[in-house]
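To keep things clear, I will list the structure first and then write my remarks on it.
Chain IDs A, B, C and D follow the sequence of writing; residue 1 opens each chain.
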């Protein structure tokens, strides 16, 4: 009896902490309702929607050209891929074949976007773990890419470079030289990333074995992108459903089987090398051709359903367009990668410490507007 | 014994990775030339935006204070979020005696504009272009609503054909 | 798996399914099913070793004037074959359908989103609350008859 | 010795003499206390401003930035402006906070660092308290600060603050050990706990050079544990802005926040100063045994500059740590202490004792 009482008296009590909506490591306005037992996380319950703008409803009122620029505002770090997804879907609906030049340029810009997204992620990952310097180094290298984007399409972040039927502008004359310059620069800087963070023993201890997601769970939760591939699930849309010019480039799909935070980290770092390989293969042979196919000023899709997937920096983005033959879509659905990836957070973070939760959050690389849409 | 050797090895390799990391930051503090940040207002004279930079929508006027906007509203339709409003009127043309649509005001709400560049290709007469200005901050929000055609300006001859 | 083969396989499940026919070939094989049978069908599709659609990559609701449809995009991660299940809910006033959370954990958020924006009630969902909107939000915004004079600006 | 011309005790003795001529013994004592107090207050302010500026600049250069550049020449007046801002800010307090403890906490922290700095020997004859148990006193006093942190975290009535305070408690209690033990290694060498004697014993060369590898290991451990004791990155778990927003001082604003901020930097100074005194010879110039010419040149540099230079060097290394490494997790932090630093430290002391016994040091 007394033992039981004693046990009861020393029993720890769970308590709740609201992490967010304003919190440095939720990367935006995400609220996590944590159930904690001391420092140990027993449950994570994400509360979303703080920047829900109902893009899907807005799309129902917009023409197909206008939808494209809204997708910039979803996953702003892979805006080009978002644009591309909508444009590919509309082109599929119109049965419009864009020129080879457009395909190759789209692929190059996609990979540059992926690089820039991963660079920012790397910087932010370091900052979440307390190494603030990496943030600036990540931005330093990203700056060169955004400069290229600026010269190409006039915007650094929300590019809106794609239009249904091609690209808004042709590439500038010094595009190839600039991209090559960047690639040589970044090939030198990427090993520095490893030196500063990847090999660091503190970093290793913070990430290895933290937040394990099994392959079965990854598939069930639909955790795609580098996060899913780190669990050993081959889910690269670029390989399984090649779009644009991905069918003619030779690249490796990065797969790790550990499923922990370090595997997710490594998957992204290695993906940067692969992205540079893809750009290397394409940059010297951009075919001649139109950068834009003529479309009608008012695009009307036939009565049809289209589903288009692309691989963004975060995972598989699906665009579902249901058209009833009018100039506006009847229903647009964006299957955003962050939304599904966040769903698995509880499984990964359960049983870890608060610091582990922060690590996991940054390794699944959340972009909140992508989740909330 | 083996455990002790492993322990020492572990400590030494850990310290080595830490020193490696410090080498990276140490390199940058000893090479101040690699500093990448810019002193923005100070470098204003040398700062030049790229040609395609999308800062704001502007309507170029020539030396006779004439522009190329016919008021066809193509840009207004193309705009996804209603940043452009065209106010027009039918004015009697004295030569032909017919009433003709004429633009009074090309109102541009910079505060709503997302710089998506959809209005520029939509314009049939290339009357509007994207300007390079980026210093848009004002103290009063109403100042962000701009009238793009200058007062007293008129349509350039020969545009409408 | 070829479409015809898959179609025959599904027909052998004993669940009442109609396959959408159209002049132009659709992107995916589309199976239409009533809202009562959807769980049985998907559970069979997932657990049958011949089909084993183990990954639901999208779940969508669509509001039609007469009914609400819930779409399930399924994929087999082994051979990349894909299928779309359309579940028709006739009752627009009080739509309800069985949850597939027990089959795909990703349905947790997706079903909450459909509940939030279309008002479809998912039976057996562990935690069916609004996800994107406030808990006290009235109406279901992605329905076609939704009116909101404050927040929706007509251009 | 040449540097004796820079002896401050001449100056202090003359002040004492002239004061004694003017008033009674008690009054002299009180006046001297007030003067010393004022000097330390000024020192605190100057140290705070200078170190914050240094930190921001050093951090900026590590990160390929320029840092503050606008206020004053190269932003030198930036920290002054920040201090004025903090002074003018409204001191906010949450409604359910424990008012008395909430207001008390910043003072406890600042008093702790005040007491510790009293024992720091700045230069020859420039030391307020030359206790014969100086090392012991500093290690004892510097751990009072944790009480302030715990009180701050508890009184804020905020879960983040409480987690931060608890982390800080666990951290400082463990790392006190390592700091104490690594200082003990040098105490074994010198055979004294008095700072002035420790410095005097380094006349022929600094302990880090003379004490072989054990002294160097002790120095490294002291640096790591010292960084941890000041709650600075990579051991800033008590603040951990990416996890706990700002940890124990989440709810503080204005001047009360400035106290925490100031205490952090002053503590960093104290830890570096003690480290410089114990391992790098304090204000003692750099001497190499028989090189008389070299030694004499070194003697021309006043001791105060030697002291400040060494301290600045250690502070720079601590900043280097902070701006390079990711933060540790709480369990790893304790693992580092109990599994690595402490055993190594104990063995190190054993070796050092053996070295001293055999007289193997230079």
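Throughout what follows, a residue touches a chain if its C-beta (ideal position, glycine included) is under 8 Å from a C-beta of that chain, and two chains touch if they have at least 3 such contacts.
Worth saying up front: this structure is predicted, and the values here are computed from it rather than measured.
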item: Centroid comparison with subunit C (C-alpha atoms), farthest chain; value: D
item: Comparison of B-D and A-C by number of C-beta pairs in contact, larger one; value: A-C
item: Rounded Å distance between subunit B and subunit C, as computed from the means of their C-alpha atoms; value: 41
item: Chain centre separation (subunit B, subunit D; CA means) in Å; value: 51
item: Interchain centroid distance [CA atoms averaged], subunit A/subunit C, Å; value: 25
item: Averaged-CA centre spacing for the pair subunit D and subunit C, given as whole angstrom; value: 64
item: Residues of subunit D whose C-beta touches two or more other chains; value: 62-65, 323-325
item: Multi-partner residues of subunit B (each touching 2 or more other chains); value: 18, 21, 24-25, 36
item: Sequence positions of subunit A contacting 2 or more other chains; value: 133, 140, 196-197, 200, 202
item: Residues of subunit D defined as touching subunit A within the complex; value: 59, 62-65, 159-160, 163, 167, 233-234, 236, 240-245, 323-332
item: Parts of subunit A lying in touch with subunit C, wherever the complex brings them together; value: 48-49, 52, 54, 56-57, 61, 92, 217, 219-222, 224, 233-235, 240-241, 302, 304-307, 309, 316, 318, 320, 322, 330-331, 333, 335, 339-340, 342-344, 372-373
item: Complex interface listing, subunit A residues touching subunit D; value: 15, 17, 23-25, 39, 126-133, 135-137, 140, 196-197, 200, 202-203, 205-206, 353-356, 358
item: In the complex, subunit B residues that touch subunit D; value: 11, 18, 21-22, 24-26, 28-29, 32, 34-37, 39
item: Subunit D to subunit B touching residues, read off their complex; value: 58, 61-66, 69, 320-321, 323-325, 340, 344
